[in-house]
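Two complexes, one shared chain (chain A), two partners (chain B, chain C).
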Partner chain A sequence: MAHQTRLSRLLLSLALGAFAAAMLFPIAFTVLNSFMTEEEIGRNYDLLGKMAEAPAGGQAAFVNLKLLPDWLTIRQYAQVLILSPKFLRMFWNSIALVLPIVAGQTLIGSLAAYAFAKLRFWGRDQLFLVYVMTMLMPFQVTLVPNYLIMDRLGLMDHELAIILPGIFGAFGVFMMRQFMSHIPYALMEAAKMDGAGHGIIFARILLPLAKPGLAALAVLLFVDYWNMVEQPLIFLQDAAKQPLSLFLAQINQSARGVGFAASALYMAPMVLLFLYAESYFVEGIQQSGIKG
Partner chain B sequence: MSKGRLRGDGFVAAIFLAPSLIGFSMLYLLPFLIGLYESFTDGTPGGSIVGLENYIELLRSGSFRKAAQNTLLFTGIGVPILIALSLTLAVLLNRVLYFRGWIRTSIMLPLVVPVVSVVTVWQILFDWNGSLNAWFDRVGRARVDWMQSYWSMSIIAVMYVWKNIGYNMILFLAGLQSIPRDYYETASLEGAGRLYRFRHITLVYLSPTMFFVLLISVINSFKVFRETYLLAGDYPYDRLYMLQHYMNNMFFSLNVQKLTAAATLMFGCILLLVSGLLRVERQFREFTD
Partner chain C sequence: MEERMTSSRRKKLRLLTGLFLALLVGCTLAGNTLRNLALPRVYLASAGSGTILHPYEGTATVMPKESKEIVNPAGWKVARILVKAGDPVTQGQPLIVYDDSETREQLLDMQTELKKSTLSMSLLQSNYREAAISGDEQKKENARVAIETAKLDLSTQQRHIQQLEKDLAENRQSVAPFDGVVTRLNAAVGFASSGSPELVLTDSAKGFAIECQIPGDVANLLEIGEDLDQISLIGRDSRQLTGAIVDIKESLPEQVNSSSGGNTGELPSVLPHSVVRIEIKDTKLQGGERVKIAISKESENSMITVPNEAIHYDERSAYVFTLDTDSGPLGNAYRAVETPVTIADKNSFVAGISEGLFPQQEVILHSAKDFLMDGMRVRR
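For the complex of A and B:
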């Protein structure tokens, strides 16, 4: 591996670079098209979903995939941000749903993870397996009983019907346990000698050392819950409480003009958060993946 | 570790676990048990036990079988493809490259992009009037209705790979970097070929990572439902009708018995998969230790 020639290195870099560009395409496309005028968007993509219209003898008609707009405008953004109060409210709804989930699951997950990774108790591995199993289940598996429970608690149409299951999700426990099991016992032993209890060891030693894991978990949870569609569709019928994902799921079909701008605004926090925390994120994911 | 030591920190562990366990059992365990119970009853207000009747009816139902088949097919083929591709990518990116950081970042970025933000792009590419068909038309081939044909599952697989390849690649990269260099050097000196080294060093020492990647990939293969749902709605083309569609539709038609029976069966399959994986992993670990 060490002795590759400059040429082969260049060729491989170019090939992978092309692949990377293809990966970026959907994102770049959305961002660039968000600066298109409504008229141009209509002209390019109006044929989407109109499949019944067979070309009557003439040329077949297609949408016109266009990366660069003819004319740059920020009108779509103005439309979304200023003229549509619904957008901002739903953006806020998304934040109000996701932040408590991320904070809650990270904290409660870390506490439980400490027990699974660093303490010894009867039935530990079996209980952990139960967590892993629920983590693997699609949301629909417990849909009915969850519905019944939320109904019983009087939480239907309430934000808590989304937030509570989010806070107690098993992924945080799983990921932090994976991460914490790499932190050597020796560090804890030293603190124990100095008379520190488990609370202090957890807060002063484990948590600071687990920072990359916490960062990676927070980003992953943020993305996952920012993205949710099915849960609010069922538990939040009240349009005034729905998150932005539902607004976009509907807008994509009707008002394509502002769709790109709304989509770009919707992905922006995620992309910025990722770019900001990338090194932590990568390190956190990587350490959770290697088993000690 | 001995059994005696395992009992050691029980009290402290209970305190650390309590917040999670309380919510977890209320919101995940209890619902699951209720669902399990429901799947054996007939759904009348009193709820008398009917044994396996719901399951028999479920297995006779054509739409359930179709959904189960499709889910199995997608996970069974999509996950290995995703893993093979991301491992290849990781091996390539593990070399000295130009723009390595940029390439890595670009490949990871789709991971954080919300599905609803790019649904339109997929539509533009794969619609009947879409770009892919436009290119087909230009080279003189008949257009294909991608989302309404046997191709539909491959299209969804493309989206699945696009979104998840970065995560797996990062995990594999870490696994690759943890394999000591001199293993390869020794093997080379002893005349081992490239393929031999890959199979007997890389794959063997990657097995713990592989286990983790497999779990995450299976979870994410179930999440593709969202893309399918947003692109094709409640009743997509036959090939795309997944177990989640089935359960969703049973929910809205208030057929609790079928839903819970289907959910229980799915749980059973995943349990088998996970315990099988754990067994294999344990053997591997003993082997590498």
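For the complex of A and C:
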């Protein structure tokens, strides 16, 4: 019996290990390839997309997927970080867009979630349902009304055209409401007995308890808005204001090395944030019952 | 135990994140500095305001207002020249004596012929008398016709002689028709002139004038009757003269093109050159002197001025590059902006702008790069 258990554990570990390797391969591939010279990248991947045209059986007809570079170089990083101002400008643009959205939506979301989860008022659940329904609609559906509203507000080509809809997104409300509904009423009632109002209950009782939820929300929002493409593409015409997510789309064939380096740097903030908030994140996801 | 591990892991991650951000901030700042260094440097000037000065300096030759060309009246060779260029002469004064020996010979020949004809006349008359006595009508008629013919010949010869005598009297010498100065002498002893005047005599009593081609922008500000005092003689006697404008004539466009041809980079002057005639009031002049003229006129209205160097032209209009400042978190960013302007007036150095700029506005004089474009980032 014990032998069987050990075997099944081994098999499970192998299966999970293979799965993890499959998930990690693109990341490792990107990072390692970012240290290759442009010539080497050219040699390896010039046939990308042309394999069908190449004569059958020819050795050169295959793309050479290589993990370890022949010659290590940081030229691509120098190009991205020092020689070309575009990457860093777009990086800071991304930061300037994403941080207000994450902070704003976390704040607004937790305040609204408090009301939806802990206050009793007429039509609460119906209102919440309507609110959540906006979350179910993909961005493309609300694109035209959003565009018209931003145009009317005179916010076209302005960062606020992305930040404002981001701050008042429904996802934060939904997630925090799910999280807060698991916090027992008994805690609030005890605080009320001690004379605490809603402000104190929210700030002193609920927020500390909702820390994992807030962390999970922050990570999810950061990833979501760090990767947004459609919104900046539509609302920001000025290339000087566009975020980093549009940078990779603009890299051409002759600068694939730069593309790898940029991708590695592009991933870094998300990876660091995730690693930092990992334990909160797992806890938060577990408690709110949401699967990312 | 697990908590401690998490906390030390967080510390490491915080350090890593800090380092990553520090790297990006450092690169941003360094990149900005490097990029700034790569931007074309521009040199600026502030738009001034004032009037546009239109200076002109040129030289001209003093010409008499009235002059007369004395031509060789009969085409005889010159025997003696009694004056030289620059001599003042009075009315009636002989100037050139011509060699009349040939005509005198002719006259003597004619007189001899006349005498011979007179002698033969008496012979014809005696023939007639004999014919009349003989009663031969035919002979008589012949003799009469011969006499008549001889009379006609005589009168022709007499007229010739009179004509020659008159020629001798009139053409022996040329005299001054008025008081004046000999300005040019073409005659040479022993030669007959070939149609050109042998001598040019100027009328000093009528005064002198100069003519000069003045650029349109200056000429436009001149008026007929205006006094000019910046005229001076070139040479040892460099005294000041005064003059008055008597005529302003616009040159033909072809002349303007030929004078401004070759300056393809510059906009040709809109106004054509003008020929300005200035009358000089001075009794000591003789004509032919070189003078230097300086004219300096100011535009009537005060306007915004920029150096010509800052002005560019395209097929539509004139424009200057002004500087647009975007203030950013990493210092100001400057951009060259193409600003169309209307040029109201210009001289060789500055242009007066009537529209498009405000006083003290900074314009780009030139840049370290060969060309600038609208919206290009620059470094000041």
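The definition used in the following text is that the second predicted complex is superposed on the first by the 270 of 292 C-alpha atoms of A that agree within 3 Å, B and C clash if a C-alpha of one lies under 4 Å from a C-alpha of the other, contacts with A are read in each partner's own complex, and residues count from 1 in each chain.
Throughout what follows, contacts are C-beta pairs under 8 Å (C-beta built on N, C-alpha and C of every residue); 3 or more make two chains touch, one makes a residue touch a chain.
Everything numeric in this text was worked out from a predicted model, so none of it was measured.
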item	value
Fit-or-clash call for chain B and chain C when the two complexes are aligned on chain A	fit
Chain B versus chain C as contact partner of A:H198, first or second or both or neither	first
Which superposed partner A:A186 touches (first chain B, second chain C, both, neither)	neither
First, second, both or neither for A:L88, with chain B first and chain C second	second
Which of chain B and chain C A:V132 touches, first, second, both or neither	first
Angle at the Cα centre of chain A, taken between the Cα centres of chain B and chain C once the superposition is applied, in steps of 10 degrees	120
Per-residue contact with chain A, leading partner among chain C and chain B	B
Which of chain B and chain C A:L68 touches, first, second, both or neither	neither
Touching partner for A:Y276 - first (chain B), second (chain C), both, neither	second
Smallest distance from any CA atom of chain C to any CA atom of chain B, in Å, after fitting	13
Contact residues common to both interfaces of chain A (with chain B and with chain C)	275
List of chain A residues in touch with chain B within their complex	1, 4, 9-10, 12-13, 16-17, 19-21, 23-27, 29-30, 45, 47-51, 60-63, 65, 108-109, 111-112, 114-115, 119-122, 124, 129-149, 164-165, 167-168, 170, 173, 178, 198, 202, 219, 223, 226-227, 229-230, 234, 245, 248-249, 252, 256, 259-260, 263-264, 266-267, 270-271, 273-275, 278, 282, 285-291
Touch list for chain A against partner chain C, complex	81-85, 88, 91-92, 268-269, 272, 275-276, 279
Of chain B, residues touching chain A in the complex	1, 5-10, 12-14, 16-17, 19-21, 23-24, 26-32, 34-35, 38, 89, 92-93, 95-100, 102-103, 105-125, 127-131, 133-134, 137, 143, 145, 162, 165-167, 170-171, 173-175, 178, 184, 208-209, 211-213, 215, 218-219, 222-223, 225-226, 229-230, 243-244, 247-248, 251, 256, 259-260, 263, 266-267, 270-271, 274, 278, 285
Partner chain A, residues of chain C touching it in the complex	6, 9-10, 13-14, 16-17, 20, 23-24, 27-28, 30-32, 34-35
